[in-house]
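Dropping the structures in below, format is structure tokens.
Next, two complexes with chain A in common: one pairs it with chain B, the other with chain C.
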Partner chain A sequence: MNRLFITALVVLLFLAACTGPEANEPPGPRIVYGLSLMPSGFDPHINASAELGIPLRSVYDTLVYRDPITGEFVPGLASHWEMSPDGLSYTFYLREDVHFHDGTPFNANAVAVNLDRITAPETGSQKARFMLGPISGYEVIDAYTIKLNFTEPYAPLLDSLSQVYLGIASPAQLAQYDNATYQFHQVGTGPYRMVEYVPGDRLVLTRNEDYLWGPSFYVAPEHPIQTIEFRFFEDPPTRALALESGDAQIMGEIQPIDAQLLAGNPNLRLYPVPIPGQPLQFLMNTRRFPTDSHTVRQALIYATNRAAIVDAVFQRFSPVAYGPLSQVTDFYTPDVAGYYPYDPGQAQSLLFTAGFTETNEDGILVIPTGPAEGTETPALTPTAEPVTAGVPLEVTAIVPPWGLTPQVAQILQSQWRTIGIDLRIRQVAGFSQLREAAQSGDYNLISLNFFGKDPDVLAQFFMTDAPLNWTGYSDFELDTYLSEGARQPDPATRESMYAAAQIRIMEQALILPIRDYINLNGTTATIQNVQFDSQGWFPLLYNFSILTPGDGN
Partner chain B sequence: MLRFMRQRLLSTLLTIWATVTLAFFALRVIPGDAITNQLLQGGATEAEIAAHRAALNLDSPLWNQYLGYLGGLLQGDLGRSLLSRQPVNVLIAEQFGATIALALSALGTALLLGLGLGTIEALFWPRRVGRLANALSIVALSTPIYWTGTLAIYFFSTALGILPATGSGDLRHLILPAAVLGFHASGGIARITRASLRHVLEAGFVRTAYAKGLSKWQVLHRHVLRAGLPPVLAVIALQAGFLLGGTVITEILFVRRGIGQLLQSAVLEQDYPVVQGIVVLSAIIYSLVNALADVLYGALDPRVNTDLQA
Partner chain C sequence: MTEPDSVHRLLRRPHRQRRHYHAPLAVIMIIVLITLLAPALAPYDPRHAVSGGYLLPPSAEHIFGTDTLGRDVLSRTLWGGRQTLSTALLATAITIIPGLLIGAVSGFTGHWVDRAMMAAMDTLLAFPNLLLALVIIALIGTGANQVALSVGMAGLPAFARVARAAVLDARHRLYVQAAWAIGAPPHRVLIHHILPNIMETLLSFAAVSLSWALLNGTALFFLGFGGDPSIPDWGVMLNEGRAAFRVAPWIALPPGMTITLTVFAVNRIADSWQDALNGR
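Presenting the complex of A and B:
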């Protein structure tokens, strides 16, 4: 037995001696930035996660940038650009004073190499390729001019080109490494260089002292952060703990309940950042009873006290959502705010109109045998089974595990119960199960939302033939708004198209919007000038400043 | 002895094959896969998704994929991640050291604590010390790692600030996770140690030893422990499986690199080849440790005749 103890001790000490040495650290302030999940791949041209962009946004520059305040497109690697009158080609005039971290000069050829890589089928791009829309090819006009050609006009292009997924990588580095290994050796032109990436453990950036070509809103601070180590805090409760214990100085996606506590700590700061795109929402199935009835769908929204949900689940760190786009998305129309305010009385009278005129022994509304005079029978699609009398008002919701959606569904259940709506909650494990449930058609509500500054995100959900058309709604008018919204180059025209689309979606009550997404970032008080880009997720690390003990604060 | 080992090896291989097969098909019963999920969310059309799946051979018949996988496995090739395109061998090798470091140091802690608590319980029951040890081992058995781990982080990192809560740098980062995981695993060892020792303490030869005038410690050292420990060995081998599972939770809680974190991401994203690779690895480790324990058991306890068993 003694031998056993000694062996255990020896093993422990041996392991202690085995742990690796720290990488060579450059001088200057070093911080730890906590990411909320560990992406399986870190190549922005190939992989799709938002997490990868948090560090890599500062490793790469993009052809254009979006000013985070005004939302305007401003020069990046391209000093200016022009669109052909037919909207089928864009010409970019590139900066001539830029070089990559490995010394390779930046030019039109570098852009061409990157476009080749992103569009090649063998690259297997999961996101970047689709952000280029109907691209047909490019022409290198001269060393610093490149023209991108499209088969159809594609208005979201500039927004796409401003994102890290279309960041420009060093052609020399891309030639040296293959699609599987480049992610460990990434080289861009941005304000930080990638020093090392140890999968599952850390990704380290260090400041690029040569950086002189940043966009207008990159402002060098007095005390820049020299080295940033990104680590992966996948378990939500550990995130606030890590900030408090000093293991991390910046942390994304703090839980709302922890954010409350954090806001009261003088050593910590909270930065709630609105994320553009779709709000937390439930898509309503227009092909299944009882949500096939327009009246019932409207009643469900009237019956929902969204402010109470935001208070209880999100600790008030969120605006209530009224439409299919969050307030910080391009072409959001405030007109949606007039639709369906909380009004349980209105909900009840609508349900009465829809034929739910009696209550069963459980307190659930039912359609009585032989509808009463003057009431509208539920609008049925031709494929639906005829509704027999006596059917209770039962609504099934498919609920994914993320975004505190299960908690929201529970509150919905209790709110709706009081006016006689029986909400059945079916929680699923992940995206695959969500999709399977959607394909079965056996649901009334299903929750999914995507993010993005450009409202083109709506096309994935509301076009008749969209892969995620889970409302089952098919409408020529809405299809036209959404397809023209993506085709029309003129922002004013786009604005009117998307405003009409948002109104149409709400008039038809295709979704139950809940709240705009807010990313709750926490930092220690020593980190200042904390700013994020127009997509909301990605920090402008170049601008971040750090107070060191010598600064007298 | 050799025949026994040969047979043990054969059954180990069978176990591994069965595990691999089960994992392969169980993963595919669940709808969806990593690449479809990512592409749908990236904005791809159904046709584009189909093309990607074909390129990754995900559209060929299941038995075909299965045979291909087994063939690769025999040559030591675990395939490539669907998402990062890294060879699974490499992904696992990168994380393996960190997990083994955690598992072994947790095992060390579990042995120290488990054997210690178990012995104290056996010797001092029903005195206060014995009851205390008993209570501790019950707490160890019945509290989840999430709870003890969060408490440990709160006390040692947030409140006292003496140990780092998260990360996988040096030995200091190993202390809390190893202690928490080891504490949890020590419960089972303590219970078996106590039961086994109490059984031996009541045996005739112990009374004889006392009768011939040996002191309590001499009896304990020369007779009781020697006779009482072999059953504990079997439990320790079983704990190896438990530790492999426990490392997953521990690594996530303490933000340590390792197989557990890799597995969690791969499961959530449905990256089949990575999950399969980790299942294969776990099956191999678990089977080998238990085979080894069987052989050792025979060597330690002459009553277990491994030749006869063969």
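Presenting the complex of A and C:
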């Protein structure tokens, strides 16, 4: 025990002596960037958190990049690429002037090593592996050319390859550390190097002065930030305070209620950034009474005053969502906006049609025990009718604690109550409890949404055999739209497939969309050129500029 | 020689008790009464937004203002008391009934039964109260009854320990030995001779358990383990108010003050009972 301690001490002292003066005193200018949660792991190939990409987007380069303004794919580590006519393989021609932070050169072999790591089952990749879709393998054509092969066409590939989860790490470093420890010693080719990561405390980056191979939209500022220390501010009310007190210079996910304070402070700036992907939504269980009825599902959406929710909970910082994709997602169709405007009268008459013709002593709608005249009840739910007679219109919602979802559910409860719908809310503690609740099937509404610029995110929720098919809905037509949307390389075809899918999801009233996600970022006024990538979450730290007192500003 | 002194103390006892616990008892009674009458007293529905908006500051119409979702804070505080107090009472019952049973059996039986039961209790006592409650709720899931169960279970080991010590102490008293000597059966000794004599100790620790249950219960509700977030509870309200504290401090203050007042009053009662016991 004692000997072990002394050995460890000696090793530590030796390491400290080796690292040299610049590591002890990171060069300035230095800022603190606040992260809103502590991810379970920081390895982009393994872990799935959006939070890990905020620092690591700048540690790694990707084969391609996506211009945040135009949405076009632009060269990254690959200077150009081509797709085979059948869509089953992509060939990437790599830059030859790139080297990793550890000095080793970047080449086709490095890409191969990364692909091996991501696809190996023992890596346990939670996201990166799935982003490669139906990949079957690769061929290293020469030192700077690599071909990726697929079992079927996979149109979302370039979007996947542009994300940090498929960032290219140094093979030498990957060989030196195992899957559990690499996250503490990450080495990429990006504009910042990772200096240290102390779990629960900080992750420090310093600028990579050798960086010459950035994508077209990486523009070096006049006053770059040399050192960025990421710290964790997991408690939402503390975030705006940390900016005001100077504990942090940039912070994501400011509480909407604090954002107004920020906007009114001349020393601070507010950057609301729309996040592509799914809006805040409730998936409706089509296999459980009463949401098994299409009419009831439609009525629930008509009964929801989304503008009031955005007003109260999100302080008007979010657009109301009408469909399964937020407005900044690829192939979003504005046609969904015509569906289900707030109309409690329409909701009531739909519920009447569904057989809820009477009100009990609590003011909740019920299906009368005797056959009600003039309604279509038997036609709509012929098998369920004997069981449901006399049962009040009770809807159960499972809500996670994040994203202000509990507050949204409480407003829904209040709004629905006025027309006789009884919403029971069950808040769960985290994602694993949410999944448990979903697997039990004992819910009518459950809230979950994923982010991503490519609409392929829908396939994970709405395909018949999808892992997150929590609506329980199965429809050949919708399955076809979603699978063809991922298979067809032609953007126009994809657009029509995904437009049809979005319309179908809303026609069937499979979800109750609430609001597009907006990340409320706050910074001090000294930070300038604040920009984010096309996925919305990830800052383009290379472009950030800092005003120091000496700049005369 | 000791006779006049003990008589004197006995005579003084009611006075000492009255002086210490009548005021806090009155406070508790008022709080309980108000929360019981919440349906009649609350001016608005605690779960539904009033028309006119959210984050309204205190006014004649809304004495404590409205919260982030536009609900009347006064009505929520009144209704919240029902939830908070009933959770705490249920939790206390879950603490003292099995706790008394374990403690009495353990202290009265002795031998390996005592050692086995106390080893189990000591293992649980090694965890801080709230941490134990968090572990239990992680196992049994969220909900108001689950909060009561986990908070009650977390308080159980300490109560069992106290009950055992009291029984052990009483077991060696002369009147218990006298009962044995005249051939009283064990259950009679326990129920008629030991329990009545340790009742005050147990009551005073039950009051302490209640104040723990209040604090831990509101803490779990505060952390969102109450299941349905729309159930008004002082802990839930405190959390909602904290998020908006800089913009609308009036949301967190009423539940914060009522929690403090209630716990303080309960603790005063426990203290005065303890004083009365020690003075005997």
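A few notes on this one:
Here is the rule we go by: the second predicted complex is superposed on the first by the 511 of 553 C-alpha atoms of A that agree within 3 Å, B and C clash if a C-alpha of one lies under 4 Å from a C-alpha of the other, contacts with A are read in each partner's own complex, and residues count from 1 in each chain.
Operating definition for what follows: a residue touches a chain if its C-beta (ideal position, glycine included) is under 8 Å from a C-beta of that chain, and two chains touch if they have at least 3 such contacts.
Keep in mind that this is a model prediction, so the values were computed, not measured.
Once the two complexes are overlaid on the shared chain, A:S414 sits against chain C while remaining clear of chain B.
Touching more residues of chain A than its counterpart among chain B and chain C is B. By the touch criterion stated above, A:G200 is placed in contact with chain B alone, chain C being left untouched. In the superposition on chain A, A:Q460 makes contact with chain B only, while chain C stays out of contact range. Once the two complexes are overlaid on the shared chain, A:R424 sits against chain C while remaining clear of chain B. Once chain A of one complex is fitted onto chain A of the other, the partner contacts of A:D258 are limited to chain C, with no touch recorded for chain B. When the two structures are aligned on the shared chain, A:Q433 is found in touch with chain B and with chain C.
In the superposition on chain A, A:F233 makes contact with chain B only, not with chain C. In the superposition on chain A, A:M38 makes contact with chain B only, not with chain C.
Residues 237, 241, 433 of chain A lie in contact with chain B in one complex and with chain C in the other.
Remark: chain A residues 1, 4-5, 8-9, 11-12, 15-16, 18-19, 22, 37-38, 40-43, 46-48, 121-122, 124-127, 129-131, 179-180, 183, 198-201, 231-235, 237-238, 241-242, 244-248, 430-433, 435-436, 450, 460, 467-468 touch chain B in the complex. Those residues of chain B whose C-beta lies close enough to touch chain A in the complex are 30-46, 48, 51-52, 55-56, 80-81, 83-87, 91, 94-95, 97-98, 101, 104-105, 107-109, 111-112, 115, 150, 153-154, 157-158, 161, 164-171, 174, 225, 229, 252-255, 257-258, 261-262, 264-266, 268-271, 274. Contacts from chain C toward chain A in the complex involve residues 47-49, 54, 68-70, 138, 141-143, 224-230, 242-247. Only residues 236-237, 240-241, 255, 257-258, 260-261, 311-313, 399, 401, 406-407, 409-411, 413-414, 417-418, 424-429, 433 of chain A touch chain C when the two sit together in their complex.
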